[in-house]
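Here the structure is laid out as structure tokens; the discussion comes afterwards.
For reference, chains read A, B and C in written order, and residue numbers begin at 1 within each chain.
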């Protein structure tokens, strides 16, 4: 069957990358010299009993190699240690945050892809018209804005109309189911919009250049020769081919999305993984930071992997 | 056999160049094609032959300006621009491209791309169209099952056959073939030429074959026109052109054909064609001509009728100048 | 043989910096957007260099109440500490641009070295180096920067190093591809046949060919580095003693400028960052575009060919 090789190769690459990330994680937090190096047992305000338990659990009295081994074993069971600031297991905190981050990021990313692809296709189709120059200009501008600054600008502009931050209104007394989710949606609007706006610019640019490249292919000339109207050519022949690089870009920009969500969640106090990262940086809460880093890395690797498979699905030429 | 299918009258094409200049790529071409004939259009690269047939399809880019008329079955299809040309594309005039390697969309099956024009022009739909696509493939010597395959799974020669099948999808009256054999090896070239000959005989198809390769035309076509610097310098029946060329360029083109045993080489006429982005004074071929005389660099020769359907543009054919020299 | 002649004179003349400058100028002058970008960039660099001379007020000078309005303290008002925003922008330009330039220098050095070695030597070296690059590419750099900056502690040089150490991957890939193609050119093969050593070939023949692309990449990297500095500053990971544009945004938010409605403390530094990033992107893309020309024809355009009236041919 076509592509078993391909899938195996990409799977292997993804797994090795995760392993590399896991190792970097260990080295960064526990093997590098420096005054900020973690010792998982130094949980502030912890009882001696808890410390002793953690020392034993993570083998902190043993060699680095032994610690590494323990660390790997703990990872397989999902044990990432205990938060310094809340003394809750890191995994619990992460899961709660993921539940908040995912919808916000999905909404923003979806918005950016739709906006980026539409403006990119139009710009390429109507090349060298004011529509083209306009879309590219606006896209480049949004692409250049610092993420958190754009968030702050939106806050300034919407002051009084939309909630300033957080996930829900704490003072909404015993809201109905509908009222509660409406409230959450309102809180989510600005973070998602910010993410969408900072992301869409590069999608526009890449879609446009991919479309232009495709429109220069001979089979587009064939399609025109067949007498097909422009709209059919764009939709049926150019669009699908041009989407191949866009898929790759969307996947590659997952890293960028992650960076954006850290900044955006900090601006809007949206209680997701990003806010967890910035809070744990502030409090030097190493176990949480380490867990979040690992989670973000693995999700980026995972999405790159999915993009590879999608690319394979869309492009019949790929065999290896 | 003398029914006229397609006529081109005084076709001009200009291209806008970036710096506000214009390139006069086709400078007043006239053609008239009969039903079922095989017509050759020959010339060096850049002489305007590809531009001419792209103009016939209405496929020129936005930097191009066109004037003249293209008469298909008595109707000027160029008069309404893009709008009046579109309905005739593929249905009446179809084309096999130079880079037919890339004429197929890589992410669609070959069959789907054969069916597409049939459905669009209302020739056939659904299963009937699929069956027709299979038959077309069979006609060009490809197993009908291969319709389900993607273009990259075809060899070069096979893709070119499929491109021909695709061109025949709406049973056009005229088939334009732009150097359809350039990228192929010699064996496959011969097969494609045989195929085109057979198809035009069987289907009564008018074939316009564009190439820089004179031997190919000599073998395939009954009539031909020689293009130089955007205009036709000589046109006539193949035998006439071969035995009695009346333009030095035609004579030199035949002279430049290497012996059959030797390797194929580029035309070995010294010099290069003139630039088309400035006005040409006199005969465009004069600088390279071995029989040019004082009249040639100053006066542009007209295309004169020298015999039945034999035309040439050379001062040597003009009784006035013959007397003068 | 013609290929040899084409490249040989340029390589032999030796003054490769002048040639590079001429080449870059030739590329820029046909692209108005790149000219604008280069001008904006030059302006900011000048302001940064001459900040001590042209800034109306000192870095830590308090000239009025916190959040003094632009109306009362023209042209841009005061920040939370009563400092003059315009002066702070000028001082901040020094740090922001310095971080941008220094970090991309680090990135380009590492990426360039990896790219040249991988591309030039090929084989196992290439495979190993590119695998490493791939893994680094797959790991999201901003979170990694945050982690490293948090562990190392806030200092300007840490920021420069952290950003530089994580931005080299794309440079390495681009340079490698270019080196691979240069390596196969006739004059390089000839130099090798004549017995030139690897170092000599790399410095005399390969680097001059890769240099324009490296410049384009540097310009784009500067934009990313300045963006990253702003982000790290916002998360409280920048040097507390140094004022950069990123730090100004951070100070404004930290001091509740948003709720006070003191937009003039937030808007100017963000606009500066955006302008520099936009300028770098315009210049970098113009250079990349010119060096890697893509297909310029499109078979489908906003309009088709034009139909010209017959008489038009006579007016030629």
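Methods note: a residue touches a chain if its C-beta (ideal position, glycine included) is under 8 Å from a C-beta of that chain, and two chains touch if they have at least 3 such contacts.
In this text the structure is predicted, and so the values were computed from the model without any measurement.
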Chain whose averaged C-alpha position falls nearest the assembly-wide average: C
Result of counting contacting C-beta pairs for A-C and A-B, higher pair: A-C
Maximum centroid distance from subunit C, chain identifier (CA atoms): B
Chain centre separation (subunit B, subunit C; CA means) in Å: 50
Whole-Å gap separating subunit A and subunit B, where each centre is the average of the chain's CA atoms: 54
Centroid spacing, where centroids are CA-atom means, of subunit A and subunit C in whole angstrom: 24
Subunit B residues counted as touching two or more neighbouring chains: 59
Touching two or more other chains - residue numbers and ranges from subunit A: 217-218, 221, 224
Touching two or more other chains - residue numbers and ranges from subunit C: 297-299, 301-302
Residue numbers on subunit A that touch subunit C, as the complex places them: 13, 16-17, 20-21, 24, 28-29, 32, 34-37, 124-129, 140-141, 143-150, 152-153, 155-156, 159, 164, 209, 212-213, 215-218, 220-221, 224, 230, 233-234, 238, 254-256, 258-259, 262-263, 266-267, 277-278, 281-282, 284, 289-290, 292-293, 296-297, 300-301, 304
Sites on subunit B touched by subunit C in the complex: 10, 12, 14, 22, 24, 28, 55, 58-62, 64-68, 78-79, 81-82, 279
Touching residues (chain side subunit C, partner subunit B) in the complex: 297-299, 301-310, 312-313, 316
Touch list for subunit A against partner subunit B, complex: 217-219, 221-229, 232, 236-237, 240-241, 314-317
Complex contacts: residues of subunit C adjacent to subunit A: 134-135, 138-144, 146-148, 150-153, 223, 227, 230-231, 234-237, 246, 249, 252-253, 258-259, 261, 263, 266-267, 269-270, 273-275, 277-278, 281-282, 294-302
